[in-house]
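Note that the chains take the letters A, B, C and D in the order they are written out, and that residue 1 is the start of every chain.
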């Protein structure tokens, strides 16, 4: 991998981390008055996947969408404003953190109902097929969403119609506070489920952005060629609480030491190490810090939406 | 003006819409099969091909989400459910996603999507194939709900619904499918406009869909008895044409609503509550709603017939509202002459099963 | 009498029911986690074990069918949904199967099943985490629907619901969970019985669940202005305590319904239409319904606050019905003193997020 | 296999066939006024499965439930009466053909919503586990039902909780008039899907009742021992129309010759051949003909339910 690609991957990972940390830090000011599901610890997934997507490729996401939005190039000012409930938000403040979207960048939206964007993403791919567009559709979801029936219905449909879709299952081992062992049989095998539905399946270490990037690069090429919908499962881990700005290891729903183990696999630290060139990194981070800081300033200074906008929507 | 069946009107509406607009696609179980949803999708596969006429797996929830995804990008999907009950599997997509997508996208995307829901009834369909459930959708901001009662309205309303920028739930009662009607091609029926079927001054009768057919069956008896009823066909349930209803009540002072479905927390409840809130001063007697019994529908015809609307009940309630006595002999004669032998079929030659 | 939180009342009801009856089991996402559904299932896993306290996958539809299957054999499952919206995935099971199983089995089996649905609101929940949707269930024959407003009723009604032979949809508004109330352990609250909270003679105010809290917030203003309001807490939406409502209206001649949710085809519509059908002769002025705006709820607090019920609107409507002028200065003072600074939280110390 | 078992299998297959044929013949009298989904051609599935079940083992079924009901020993008079809408029906005439049930025989019911009885069956098994009953639960459904999300949610749950369940997927290639190729990807593999969910999977020729019986015998023994939920897919074919009493090959939704090919594999003819002893067969059929005939007479002579029964149910 050339240095530039590596540096770009670093930048995305860093940007996500820094944005999430800032949200976490400022949340207690009670100005971001909406649920937030942070992606700290999971940055490599979004970064390594989206780095292979073109601007007009499409993504769709879930309640935990900050990383996907940032990695796909969503406007940062609009994102932070949305979380602050301001009219400069990407959804004019209507949706908050769980409804990020930036159509110009192919970010179709995200919703907080687990699994529900999966068929919607498949529908976008169906549109692309019928209208002969070459955009790839990437659908992000957690491993919890694979327990919803609609996931299975959707992959069957996608395979039946050879839709060019990359399904990204971000396996962070937990659904809210509930571990896998309470939700799925021990020998559960997503690979077999996918292959039984005629989907290609891959797995990768979701904390190594370079590995993710390379694996997805290959996969994306293949999907674009043969239209076989493909699922990649990426193993990763959420550091903070499921919803909210805080650490919560004190709640003891995760085995002691587990979080520590995963922090050692920190995706940011890892890519940093792989780059080595310190001045390069510090130049990049400085620039990003500025961008991020100014997004928060922008959001805070923005106005709240006026109630008049409601009449622009259909009810 | 030609006379065609309600089902043919649906077919014409879809066919002409697909002809005119390449974005229109069809999705559903059975749309390409030999029965082609009571004939309403007949020949479309051949004409428009598999890319636009998409037979689906038994995956109602995903199919609905897929249609939503396709619609926000610019396709205009029409989904068909052979029974309303199957659509219950897709309520999450309909209520949380489809109804709200225009809002959630801050107006940047809209959902030009039509979901056809067919109400079953008769021939022993039983409890899970004969529910109406219009109110489940009519309650939801972001949805439009229509339920035409005749071929002409069906055709025009379906074409309007397909052209419409926002999602429309389109109710078809299967007992309407075989009824012929003249097609008035001139006027486009707008969503949200009721129609006064009969002018009158003694009372206002509000109805829609197949229930309206039941009302029309007894119209002659009202005339014979010099009851001047103003009959309104709602056509749209959401938005509701409040003006037309209130105007009629302002004249008659009396209202009865004849509902397709259950009356508790039903369609009729909203209409009556709206009338009484906005037209209280016009009301001369208590308004009344009737619909099917608030119980599930049995398969056995002797039980089913007690559940459904029936002419006698409608007539009795109307006469009560206008405070008039009924000549029982006349009534029985009328009923005998005009009713089917069996209430589990709409016409003598109707056969089940599906 | 001890004072406990609404959430503690729920916990006590479940705990005592599980203690008494070994058939009672719990199912749901998060019931064994550290937050234990706002504390309402705290400690139950430890006490009753994994066989009776069953954490579930994110599979709402199957879990509901599974609970149904277990219930017809004799278990008494309680399912919990952290938001009403998640239950929309299981509408098919609820409406087609659960509501009808007693009937479909010709009375041989019954479904002693409780489904807890939590209504979200505030702290930027947004359009998909703040719907009420009680009417979707209240329309369906075969279901009972309750929505208590205080700890005491919540405890008793939940215990009654768990003992009940037939399926009960149990609505909890999350803004109620932290409100303390005295527990009256003596009287069992029956499903289907409303409660007169305040006696009065000028008008009848009907409400339920969290909307009732909003009504009680302005009760003092009514008193200060010599408005004698009779306030009814419905507690049950299906069956509806028609008698208590009609009796009150027969005395006051005036009624306003304050709804948790959307007013079109909503809970209030049924109440008003019932009152006007059965108590027309008592009504002295047009009845009125208010609820949240018929639009989706935004995340941003400035938009959300325009959607929710608010004290001013309630007061204005009440005074309009009884045809009385409001002293605006007094009103503004009252509002200022009694309202929260933010309408996106119920009390100053409330924090989101989940 | 001993002669008795064989003869018993023959009897069940024959009984189902004869009942269905009689319904088909008499349907045009317009006295069975409800939808009927006949199982002619598919008799070996129900027969070979249920012959391995004890009386207190439980089954639950679908719109196409006649065969399951008969094979599990459901009361024939009550079944035919139910189809005639009479109060002597197993559901007092409330449900008709799509709601057959006989609790004394462990027949829990059937409903016409595709897939919806699958979780209900799983719930019965959960009850059995919690209440320590040893009854096995068998859930019948068509291959169309495996396209419903609830099927996937249900098998995940069954495997997670080690519930003793036999899932029987009756693959007759069609969902109403729609062939597999329009509903499932070509390489769709139910075995992999099951195994991915930790279910054991088996397949058998669903038109050979002896094979079905033997295979299921083995499986049932294993489930009773280790509680592993298991799915068996049985390939078979429906001869008549999806719903209704008639042949419908004239509609041409099935490839020409396909029906003929399957008729050659007639489950009844096959078991008949395997028995050989003609007098034995003719004695059995005579007896069954009498039983069946008298069930139709009984049903026709029965009264319709009175509307008063409605107040016995909760609404």
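Assorted remarks:
Here, contacts are C-beta pairs under 8 Å (C-beta built on N, C-alpha and C of every residue); 3 or more make two chains touch, one makes a residue touch a chain.
In this text, all values refer to a predicted model and were calculated from it rather than measured experimentally.
As a matter of contact connectivity, taking chain C out of the picture leaves the rest undivided, in one piece. Between the CA-based centres of chain A and chain C the separation comes to 36 Å, rounded to the whole angstrom. Separation between the centroids of chain B and chain C, computed from CA atoms only, is 31 Å. The distance from the centre of chain C to the centre of chain D, with each centre set as the mean of the Cα atoms, comes to 43 Å. Touching two or more other chains at once are residues 92, 94-95, 99, 111, 113, 147-150, 153, 156, 160, 182-184, 309, 313, 315 of chain A. Taken residue by residue, chain C touches two or more other chains at 56-57, 59, 61-62, 85, 89, 92, 96, 103-104, 127-128, 141-142, 294-296, whereas all remaining positions touch fewer. Arrangement of the chains shown, judged by which pairs touch: all-to-all, with no pair of chains left without contact.
Listing the residues of chain C that touch chain D in their complex gives 25, 51-52, 56-57, 59, 61-75, 92-93, 96-97, 102-110, 141-142, 165-166.
Across the interface of their complex, chain B is touched by residues 60, 90-92, 94-95, 99, 101, 103, 108-109, 111, 113, 116-131, 149-150, 153-154, 156-157, 160, 309, 312-315 of chain A.
On the chain D side of its complex with chain A, the touching residues are 147-153, 156, 159-160, 182-198.
Interface of chain C with chain B (complex): residues 61, 85, 88-89, 91-92, 95-96, 99-100, 103-104, 127-128, 131, 133, 135-136, 138-142, 238, 240, 262, 264-274, 276-278, 280-281, 283, 285-289, 294-296.
Put simply, chain A touches chain C in their complex at residues 30, 33-36, 85-87, 89, 92-99, 111-115, 144-145, 147-149, 175-178, 182-184, 242-244, 251-253, 304-307, 309-310, 313, 315.
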